[in-house]
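This report refers to the structure that appears directly beneath it.
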Amino acid sequence: MKPPVIYLGGVSATYASRRLRDSGSIRAVSGVTLAIERGRTLGLVGESGSGKTTLGKLCLGMMRPAGGFVQFNGEPLPRNRHRLRGSLAVVLQNPEWALNPRLRVGVSVAEPLRIARSLPSGDVPATVADMLAKVGLEPVLANRYPHELSGGQRQRLAIARALITNPTFVVFDEAVSALDVSIQSQVLNLIKDLQASEGFAALFISHDIAVTRYVAHDIAVMYRGELVERASARTFYDKPRHPYSRALRLTIAERDRAAFTFRGQVEGGDAKGCLFSENCPWAIERCVVEKPVLREIGEGHSACHRAEDVGEA
Amino acid sequence: MHLAKRFLITFSFLTLSGMMLISGAGSSLAEGGTITWAKPDEAQSLDPHTDFNGNTWKFFFPVYDTLVTTGETLDIQPGIAESWEQTSPTTYVFRLRENAAFSNGRPVVADDVVGSLNRVLDPATGSWWAGTLGSVSEIVAEGDHEVRIELEAPHTQLLAALAHVSTAIIPMEEYNAGTFDPTKELMGSGPFMVTEHLQDQSWTYRANPHYWGEGLPVADELKILIILDESARIAALRDGRADVGTFVNPDLPVLLQGDENITVVTQETASYYNLDVHALDEESPFYDIRVRQAMNLALDREEISRVALGGMGAVDYPLPRTFSSSKACADVPSYSGTRESRLEMARALMAEAGAEGVEIEMLTTSDLASLVLIAQVIKQQLSDIDMSVNIRQLGYAEWIDAVWVRGDFDLNVTWLTGYGDPAIVLGSWNPDKTGWNAHYFVSVPELNDKIAEAQSTPDGAERDSLFAEICTMIDDGANMLALVNKNNVIAYRNDLVEVKIHPAEGYEDELRYIEEFARIAP
Amino acid sequence: MRIFRFIAFRLGIALVTLFGVSIIVFMAVHFVPGSYEDVILGPFGTPETRAIVRAKYGLDRPAVEQYLHWLAATARGDFGTSLTTGQPVAAEIIRRAPATIQLAVMATLLAIAVGVPMGIASGVTSTSQFGRTAGRLVGALGASVPVFVLGTIFVFMFSIWSLGLTVGGYVPLFEDPLTNMRAMTLPVVTLSVFGMALIQRTTRDSVLSVTSETHVTAAVARGERPPDIIRSHVLRNASIPIVTVTTVYFAYLLGGAIIVEQMFSVPGVAVYVVQSVRNRDYLAVQAGVLLAATVFVTINILADIVYALIDPRIGGKRSQS
Amino acid sequence: MSLIVRGPFASILDFARRDRLSGIGAVLLASLVLLGLIGPVLPLGDAEEIGVGPRLAAPAADWLLGTDELGRSALPRIVEGLRATFLLASMAVILTGILGTLVGLTAAYAGGIVDVAIMRLVDVLFAFPPLLLAILIAAVLEPGGTSAIIAISLITLPLFVRVVRAVALSIVERSYVIAAEVSGAGFLRVIVFHLLPNVLGAVIVQLTYALSIGMLVESELSFLGLGVQPPDASLGSLLRLGSVYLTAAPWLVFPAGLLLAAAILSVNLLGDGLRDLMDPLRGRSLR
Amino acid sequence: MTSLLDVRDLVVVYDTPRGRVVALDGVSLDLEAGETLGIVGESGSGKSTLGLAIGQLLPWNSRRLSGDLSVLDLSVFGGDDERLRRLRRDVLGFVFQNPMTALDPTMRIGRQLARAIGPRATRDSVRALLSRVGLAGAGRIEQSFPHELSGGMAQRAAIGMAIARNPRLIVADEPTASLDAWLRDQILELLISMCSATGASLVLLSHDLHVVSRYCRHVAVMYGGRIVEYAQRETLFRRQAHPYTRALLESAPGAEGPDGRLRPIQGLPPVITESSRGCAFAPRCGWMKDLCNDVRPEMQLTRDRSVLCHRAEEVLACRSGA
């Protein structure tokens, strides 16, 4: 059997500040185990600051894990990113800075090709033109500068740049969050179609569960650096097994929104118990003293002592 | 000694030709009070026996006495010694004043004189002046008030050398007892004593109560303000914070035009600006004596005086023009004929030497503004014989290092002090004796002999004819050239103080009679 | 507690900086051509007399030894004695410090007192084309006149019409405040014009950027009066860049004082250091430069603390301008 | 942004039209630079010839701005001085610009110990009172144009490095840089293709400010006698000598002082305008 | 009867370095007391400009070309600063998108609230206000600086400041856009409850049609600087008379078509540099005819709604998308 494209084994990461004088480090991700198979899209949801982006960086080797390991196609991620050139790619949030404003967009899109040197340079323009067509843009746009283009077009170009080397693994980090609704849907369709046709594995990071559900095959939920639930998109949507997932899902569901309210503010969590317990209407005594682990339940995994009850409610 | 009585006044309405210049005649004088003198430079060190810098000496003059001193026209006058006698060509006997005392009240005795002079002569002291005294065989105290100096050979300039503050009489008893350190404080038998020194700001002197001069000093207090900036010094004079100011700028009269209560006096000195030529560097075009001579001929000293110094400093000779003997130097080639005729000779010499497109470096220091002006005029003059000059203007210490330590120059604009005897400055043309210019100066045995001879010949016609020969040889060697006189510019408030300024000065003591300065009663 | 750790950390950095400064200044003054014995002996020095002087002042010892010796003494607060006067350098600097401190402090205060209100005025009037242009022009003009040009003009003006002010004639402030102020007004004003412009420009920009923020719009939306908004919401938020630029100005002041002290014969530290460079009075130069650096570094630490006081969000972060 | 992207000429015209003050600054700067450039070929007279007229003569037909203390015509000297001031300051600033940009980018992108080391060095440089630093440099290298250039460079370097680093730090976080890193771009590629072109705007603004500081420092150095050496002139050295003769020959001071202030002003106005263009400060009415 | 808010043909333009941009292209609107109105639009639709115009908080590079906006019969463009200030203080309350930037970062929350209450503020009145916005029993919050609060708490504090003087009209511009999704309902509910408790009207500006319609009785949809459709929320959700409204609803995730795919609106939102000749949506509109490009549609009042479309009748009649 082929190994998963990305495998995270109990990965932890601390965020060390760029600034020297900020002493100490913040634990951004702790003990996350995840796999993404070829051709699958994993949606990663959670509120801001839950560690989603850090997890994305870990998968791309942009950050070294403080604990655990990251494997790419069954091999440890090499320290030198250059060795993997062309196999990894990323599409990030802010369309304003998606492309280098000083370069013609065609040059930006071609950059990974030039870095990977997988093509004779004569073939590059044609490949770029093909790629632009794939993301639904006129090839003539290659001669424009980013500021001449709209946010949606820039995000399409960012996708084109990411996919031009036929990468095995692509991270979309809030790739559509900054786009207007009408544009967002265009780009979502594009991502979905390309993933189906090119077959890369993808990590789709978003705080918007409706969007994630639309593009992802599987969904993982993070809460304060930990993975609290993982399931297929359908299972997750129909029957979330973690109170936090429920809370997230409720934000898109019209019905019974009043049934769930948070009690108060998230304060520095008690490491002993469940991090969510303070805000959890389902919490029982056990939740405060014993940390739940991710366990298989139904068709997914949940880190909740009362996962059964939550799922059935 | 016959000296030319010259002095210049640049203010047109002041054309006194007396020996003394006294302002405010007729108004009544106040007893005591403070005389304030604004000057541009601070002392570099405090030891009168070792410091070579004329700017520093000015702080010593009011404090220290010397055996003898000079008068208004550079004639030797009694100092601490009220009289002297030359008992043989090599023996001098000095009779000391009995009423002279150091500012601590202790009378000056012969041992102080002997000790002070011996300190100057001691190589360990490192006094640069020692050689000027000639070869002294011994200095003996004869009782408390008589000192005898024995020389190995006649030395005509001895008295003039002893008139310099570098031979100041310091209190040797205290020095030997360790209670007085001449490198850290000043104590002498002069009219004033230092009471306060604020570095770069001011010196305050009180009258020495034990001073021998009757009724002197007139003022109770002398204050020297150190004001670097020329405009600020002018301002101090204008608003009455200073009574007297000394300046570098030759255009001072112009700048003070309209200030009727300020009088500007130009004092002639035995000092002159001169040009050092590096003749020992094979790389330098000046290694060839013909190029040096051509350069010398191409100079237009009259123009230097007129343009660089605003007409203030007259053409000067190796033997300073203040001394009447200098007439002997006026006929040498580079001083005679028209400029055109000299240029012709210069070009011929250049052609003969095969010197074409000569490029030379001329050093000078920004420490003295007039040097830079002179350098620029020289640069233009030398272009007339196709010599292109690159001026390098250095800070003081870098300049000393470049010229006198490393000898890294072709030309150097600087100045020499002439003192009270013509032979003192001529001594500089013997590098074997002076040492300090040996690395760029060609030693000419014949010239050295002539200088030595002049130094041991008494004043008179014989000496003057020696001087004439020396001047010719100096001009021929073109290795160190006199340019123009370096005058002092003094301005004072004629409504506040009565001053006495002498017409000629040899030792940088421009306010030699400061103990006689008096405030005018309001 | 956090603030103390932060200060300790800043002090550590400051020491490293000063150590660097000490090495550079030592090397600079010892490797410049021309040394102390040249100044003392002048043209008449001979190799022998030079050696005598060098030995007398310990200048013949290896540079590293001299440096370490100096560093150790300096760490004990002993700046050594001046080669020129034989007096302790520390005493000389202490004597002169009041003049330079007065110059710097008064120039800074004047610059702030004029610059900040002008900056605020041009900041809040920059919503009209005229206000925008006028504010920019005033600031640019003030920052374009070199200190010595201004000084020359002042010397010129006040040597014609004194108006009670003097060029030179410094006495210590506490000895005779009136005479002191008569002598110090011109140098202080000369030195502060650049600061006024610098602070005016920064204040203006800062006010503009603060008033662009939502919380100011929110205050306007609550119907607060413009003076109240400026006082309560704009000033404090705008003050960090002003503090930063004031520290930069202070660095400039320490250098600008050289020209001003010389022009107006203020017997301060700056002119002492420059004279000491000329005289190759090594210990005096080293002490002077190290002191200037210390003052500057201290001002920076103070600024950091002020940042933390002004903006509660800053615990250790410092705005880079 | 638009300044770089559109045709440079059209954008400059556009910019000058929209921002009157910068337009004035640009025109002033351009004409002063032009004056400096063509000065030597203008029939103004010889800047170095001594004794063209009497010393300290008032302006007259043969010496339009009077003569100086060596009887040289002041007008060609002022033009010469303007040229020297511009030349020295801009050479110094270009040096700083190149060095400061590279160092600042390296510090920002390399981070870690490299960053710390660079910034501490910059701190050390910054802790020197600027003029004192210049005086020491002039003493070590001997006074003159070269040492003035080096001094101005070192004085303006810390500000430059800090600004470039700060701007670069914000760019390092941008999507296109991260995307390039993910696709395997190396240190040099990121710096040259992604950081450099994008700090250029800030660098240009900073260059104008540095130029104004450079001209100030150059004139101050020359005023202290540490800049260009006679008989060459810079505006500062002209003022140094002229200021002595202020009462007697004001023509030696006022034109040079005015020209110097105008030159610095033009650069400042232009810098403000460029800054406004890069990073518009809107502000709001409080009424 | 005087209406609370009366907007008549308001045209507002911005002067930008790249030229003139029309933000409001003739907006008319009435709001009665006690009304809750949601205004929906994408970025660039002009909704924020409209929100700011209500308090005449427009930036200085904007200009009102024509039309007027008055609150309680006082034109905010009248030029009487003092009356405008009183209006803002006593009648209007604003809530902005990002509470962190809408609060003064250097002032403690307690003091900011006290300033919002006015000169008569006391410790107790500040506490009372805090408890009204659900920050009760929080002595520590008074002492906190904004950055020490979470986004949700900060927005509650900001709402507290907006309602401190019991305004008649609250304008909230994307009050939850910068908050995590699960906080959205809490904040919006708080806003609604504050309004109903004091009888204040609410203008809620948002890009999310669903959110708006959940909380507001009336909904206005903006496109290209104009209100293109205005109706009660039930009416609007049942049927859409403007093609844009309909397309917007159909393109959102969760509204996938039968094939499981989203149906995005093709093309890009316009940037208007002068009043549009025709319909601003025409280039992206499936119902577009020649008429749409040439003739500027005017607001038509139908039975239950206002709509700005030449083909509104046909759109209404058609069940599914064109």
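So that you can tell them apart, the chains are marked A, B, C, D and E in the order they are listed, and the count of residues begins at 1 in each.
What we mean here is this: a residue touches a chain if its C-beta (ideal position, glycine included) is under 8 Å from a C-beta of that chain, and two chains touch if they have at least 3 such contacts.
What you see is a predicted model; the values in this text were computed from it and never measured.
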- line: Chain-touch separation of chain A and chain B, in steps, is 2
Message: Using C-alpha centres only, name the chain that sits farthest from chain E.
response: B
Field: Distance from the mean Cα position of chain C to that of chain A, given in whole angstrom
entry: 52
Message: What's the distance between the Cα centroids of chain B and chain C, rounded to whole Å?
response: 41
- line: CA centroids of chain A and chain D: separation to the nearest Å works out as 48
- request: Can you check how far apart chain B and chain E are, centre to centre, with Cα atoms defining each centre and the answer in Å?
  value: 91
Query: If you look at chain B, which of its residues touch at least two other chains?
result: 231, 395, 397-398
For chain C, residues contacting two or more additional chains: 32-34, 127, 152, 155-156, 159, 217, 220, 277
Task: Give me the residues of chain D that touch two or more other chains.
output: 2, 139, 142, 243, 246-247, 282-285, 287
- request: Report the residues of chain A in contact with chain E in the complex, numbered from low to high.
  value: 47-48, 150, 152-153, 180-186, 188-189, 192, 207-211, 213-214, 247-248, 250-252, 254, 257, 261-262, 265-266
Residue ranges of chain D touching chain C (in the complex, touch as defined): 20-21, 25, 120-121, 123-124, 126-133, 135-137, 139-140, 142, 159, 162-163, 165-166, 212, 216, 219-220, 223-224, 236, 239-240, 243, 246-247, 250, 253, 257, 260-262, 264-265, 268-269, 272, 281-287
Message: Under the stated contact criterion, what part of chain E meets chain A in this complex?
response: 42-43, 150, 152-153, 180-182, 184-186, 207-208, 210, 214, 247-248, 251-254, 256, 261-266, 268-269
- prompt: What residues on chain B touch chain C, complex-wise?
  reply: 42-46, 50-53, 123-124, 126, 128, 181, 183-184, 197-201, 225-229, 231-232, 234-236, 238-239, 241, 367, 395-406, 414, 434-437
Message: Going by the contact rule set out above, which residues of chain C touch chain E in the complex?
response: 127-128, 213-215, 217-225, 232-233, 236-237, 310-313
